[in-house]
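My questions will all concern the structure given below.
By letter and in written order, the chains are A, B, C, D and E; residue numbering begins at 1 in each of them.
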């Protein structure tokens, strides 16, 4: 399978391990990610705060380039913010004539044009779960992540592309849960899985950011997670690099590595850690990785919430039948 | 053809009346201008404007002009014909003209109310009026068609609406077929514990009525049955009902309940029990079920699944169990139909952030009704999912799935009141327990409703104005551990609050039945956007539908509480009773007819009619319309390749003339039309 | 359609809607239920909940709205948008309010002067290089506005990231930067920014 | 009327194929009777007359004028006016004069396209200089003129007042003879004529009335081109998916085509009281298309119907083969529409 | 009104759904383009293609046929017949060079006043962009003598 690839600024450096691991598993899964030529920054959450038409335009240049460079291939963005900005801009241009017309006039100035709807934007997770599929993943699993307790963390921007149809539930996504289960890991039911990591608040109002991070870390810890699995460079950076700050600020001693789901897939595929960018994380994953056992666990993978089943019947959930 | 020609030859004297409707029309349309302009039309004898044409004086204007000025046609430009066409047809008739020599121009709904542009509105009004004038000239006098009314009635749905209607009609000496999908009648009301605001026991007031239905000589009760087919038209519908096999021989069963007792299969009771309790595979929904004999649920019956067991059969003292029993098809005729199929409860699983199905101590309103009910699974004790722990704090969340564009935009109307009722019941059962009601707006319109709210205020319920954002078990701060945390903005304080509780009750809204659309199709009714059945008129015909002879009652038309539902059941019944009383009913003469001399017998039209009203005469080799069956849609008229079918009141000549009238300002020099 | 336009100056509501290029049009359908305020992860820090802000916009309380810190605490997590029963694009309205506050020179009063400065520094990089640049961004932003933080930054976590090879030293630049500049220039004219 | 007291007869052609003239001769020996009854005063096809002869006649000199052919150019129209002036009874003879017929099919395209097809873009044409006929050409001898070619082909009654219509392409001999007898009767024995404007020499109902084939209820899944299917000779062709204009076409021909397994083409025009033959047939056919029902999803429904409709290769050519000039829209919109 | 071209649309609205939708639009005071002039028919199945052609022939710039949603027809399936006729008519009109925007079909239930209003708005816009049809002037003008019907009625 061939895809267009929009790396986004942080992939180059900060989130290198995301990129490395992504490419490593792509090889195993026979996926081809063709990087977009001369892509530019998506503006993150900053540009919209200053000027919206330029913000949309900034993003649309990428869409315009994509529509030139690819022939119908899906455009994949591994970064949540990039994904949302690309998808949202395409959506908004389609919905709001005025914006579409302004943006295209601006693009003209650079000899470009974009017809909303021509590029279909997808997040990496969506591609792995939907296009590749869990069966294909399971086939590749050589070293299951038995006994490794993972809190699946989606953050906000992937499950919630506002009013655009999302590939997963905006409130209670489960695609990464299922993915990690297929890798043999124990997925802890992580209530805050779709909560916010604070985004750029770390720069603007550290207290705010630290509190949000604390909640996430505490919750993950309460459920005995060995590590947090993430799909966004910003979330990774905040949870990882600021974990020390959180501990300092609240007198806690969380020590939970924050790892890209692609790294975990790679691990389960039996790819050596160093080829997956392990070691770049600030809170080391080593201790957690040592917990991985060769024995399939006795306990049911997906731990149900505490509480006896003796009393009144629980309402059935669709996926559980 | 020939005589039609003559008609159009002799000049008609048209009277045109433009209504101000106060300022509703006159505020936007220059009524004066339209009146004077219309007067210039050669066909127009009189052109007047008046404050309120629908008033008696307005109608008298028409009557007098007909008598004094010898008008032969009438045009009224006012509101939608769906409002006042009847009114003015009657006025025309009182004036001495055939009521169908009248035409209406809708310059309010389609005109003055639809734009602010006075100039454009006036121009449009002229067109509509002109269209009406050009059309009415070609109108022909028509006579209404009498139909015999079969005195039997079909009622679909055995909830309180259906029960009420059935008893009303039956007591008046008419025969009723009451068809209920479930094994027993009673509907949602039978599931409830107390009823607001009076708090009288739901079962206590309902079961006597159920018994009456069961024993009534004039009521044929068909439970565990569904209507399969509906043919015919008002006065004479042909009904086919599927009586599903309940594997119990009704004549032999004594409703002793031994089979139920002996049945080894435990099943979660998703139906009557709202999923909170268990039942057997052969069961009666509840002890007072009517009829008393049980239903065998094949999906969960061990015998049907594994081929072994037959316990019920062994123990039945009267050999009333029959595993081989098959569905039965029943056919009968009725004159009228009442659809009272009720509602579905909104499924809160659709709102994941409320955790229903994930967080065990989140309950639906219906679950709670069963819980507080003394005959329910907990014997009326309010406990957590574990079946024993008493909650110290209970949250009641209003507007679940209602007033929300993501789910249902409308207000479900009853939730505020039953939420107050719940709060009261918690106070009553567990005086120590704190209750929090989370609401957007407190809606208590109804006799004694607001007073009930005050009563709850006195009972120290916490009322927090704010729509609950989420319910989670992820604790952030001390005091939240092991609790359900209700996160909300207390909009009266303008602060975000996290309130730890032990139990959450979701006041789920009312939804149209899942299969509402198919049912609407079956009875040829319309559904609105939300799936509720369309009434004929929102104000003046709330229980009639677009289809003559088909009526609706209760929550299938929209959210309602018990009193309203009962009122509608009664209303539908009395409308039907009056039809039965008349014995015959006059049907609109808007019908198709085939001119034999022009029909070539090509048979194109033969199977176009949804009511099979067209038959082919092998003798004469021409097609014919059976007038009584024809509903006047005009599909065949449009289809007839040799123009041999006339659609009364919608002839080509009439429509084409209206069309040319409408286009007066853009068309070339006026042309004559050929019919 | 052929609606007649009123002569009076546009209300704050109208301005905000205009600022969102339409996305915010149904703001006037807010039923004040507080779902947004209840959902907001950083709600505690806001001086007004989003719901209050909307009520204030409807009441044309220009200064109070534009000096409020509320928009600056929006982390654009979209919970409010996903949950709003009236389908109001709250996040986009918050962006619009930020822009209006800056435009009105109000944002210092919001006590959140860090936010726009951060955004602007970020955008400088994007507009001149076509890419963002964490190290440069952080250091320049801190040096320019918060020298002390800059020190903390350089010695503390910044260092860690750097040693982990997670920070660039030289800003990356795209080839089509001139094209990008031209496009953005045009878009700013259209966007109504000088 | 001439000195010898015989009523006078004229027959003239506008844009036509000549078939109508043949059809007159096709009344066999009766043609002799016609010659006995009438003095023929203008009939370019069988005898040499000049325009100036006609011009020289006093008004109403011609008792009966059978005008066939459509109005394609200014010459046709000029003659229509002239003959109207000179005739007591003007009969639109044949489908061309009655409703445009085949010539009017060029209303389905533009004047330019038509001329182009005839003078340039046509395998049998060698016209390297791209010479087009001009309405006026200067020659040393003086100006040469040609009639101007119209944009829209019209029926006779669209340029002048017509007394009777005699449909058919061409009209059927028995019908012609019947009509001529009636007229002769009126002229010689003072018998009454049918009301002005009537369609004569044809029935009132549709062709199906005369059609011998067995008719059932109709549901048509798809249509076949004549070469695609071998029809059952006893069953209604429509029911077999063969296009037949019979239901929408005036009877009078005796259902000649259907009875030999060829769908009716519709040459007798619409039935009494129908304005647009094509639209009516279109409506009828569409109504009985056996494609899609109310239980289906909207897009599935639309797809099915599209598919069924597409089995009719050329709707306008099929439904409007003879009646284009008298159709409601009369021609296609300028520019597009080479259908 | 502004200088811009105001197209004239003839609307054939079925008595049960779309006519009521238009009523509802009015009752709920939804303001929309005043360019549609409605003709009430009992069912969209009554719409004879001749009506549509006649409207276009007589100066209308567009025609809107509106009926109940498939499955919601008061006469069970009249609207399906309407759809079949519409599909075939559209194919024909396309051959005749009449832009598809000029003849449109809409499903609007009695509760969809907004939908109907929006359709009228969008159609008005589309027709503005296409410009006037005005058959007699623009198409039949040169040598197109006014259409005289078969016989005097």
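Quick note on the criterion: contacts are C-beta pairs under 8 Å (C-beta built on N, C-alpha and C of every residue); 3 or more make two chains touch, one makes a residue touch a chain.
Not measured: the values here are computed from a predicted model.
Hopping across touching chains, the smallest step count from chain A to chain D is 2.
The most distant chain from chain E is A, comparing centres defined as mean Cα coordinates. If you compare B-E with A-B, the chain pair joined by more contacting C-beta pairs is B-E. Ranking every chain by how far its Cα centroid lies from the centroid of chain C, the top place goes to D. Distances from each chain's CA mean to the overall CA mean are smallest for chain E.
The distance from the centre of chain B to the centre of chain D, with each centre set as the mean of the Cα atoms, comes to 55 Å. Distance between chain A and chain C, defined via averaged C-alpha coordinates, is recorded as 23 Å. Look at where the CA atoms of chain C average out and do the same for chain D: the two points lie 73 Å apart. In whole angstrom, the spacing between the mean C-alpha positions of chain C and chain E is 46. Taken residue by residue, chain B touches two or more other chains at 115-117, 120, 353, 470, 521, 608, 635, 638-639, 673-675, whereas all remaining positions touch fewer. Among the residues of chain C, those touching two or more other chains are numbered 1-3, 44, 79, 87. Looking at chain A, one finds that residues 171 touch two or more other chains. Within the complex formed with chain A, the chain C residues making contact are 19-23, 41-42, 44-45, 72-73, 75-79, 81-82, 87, 89, 91-92, 95-96, 98-99, 102, 112, 114-116, 118-120, 122-123, 126, 130-134, 138, 141, 157, 160-161, 164-168, 172, 174-176, 179-180, 182-188, 190-193. Every residue of chain D that touches chain B in the complex is listed here, in rising order: 204-209, 215-219, 236, 246-248, 251, 270-275, 280-281, 283-284, 287-288, 294.
Residue ranges of chain A in contact with chain B, taken from their complex: 169, 171-172, 191-192, 215, 218-219, 222, 305, 307-308, 310-318. By the touch criterion given at the top, residues 48-50, 53-54, 56-57, 69-71, 73, 76-77, 79-81, 83-85, 87-89, 91-92, 94-98, 107, 133, 135, 138-140, 142-145, 147-152 of chain E touch chain D in their complex.
Residues 1-4, 31-40, 43-44, 48-49, 51-52, 79, 83, 85-87 of chain C are the ones touching chain B in the complex.
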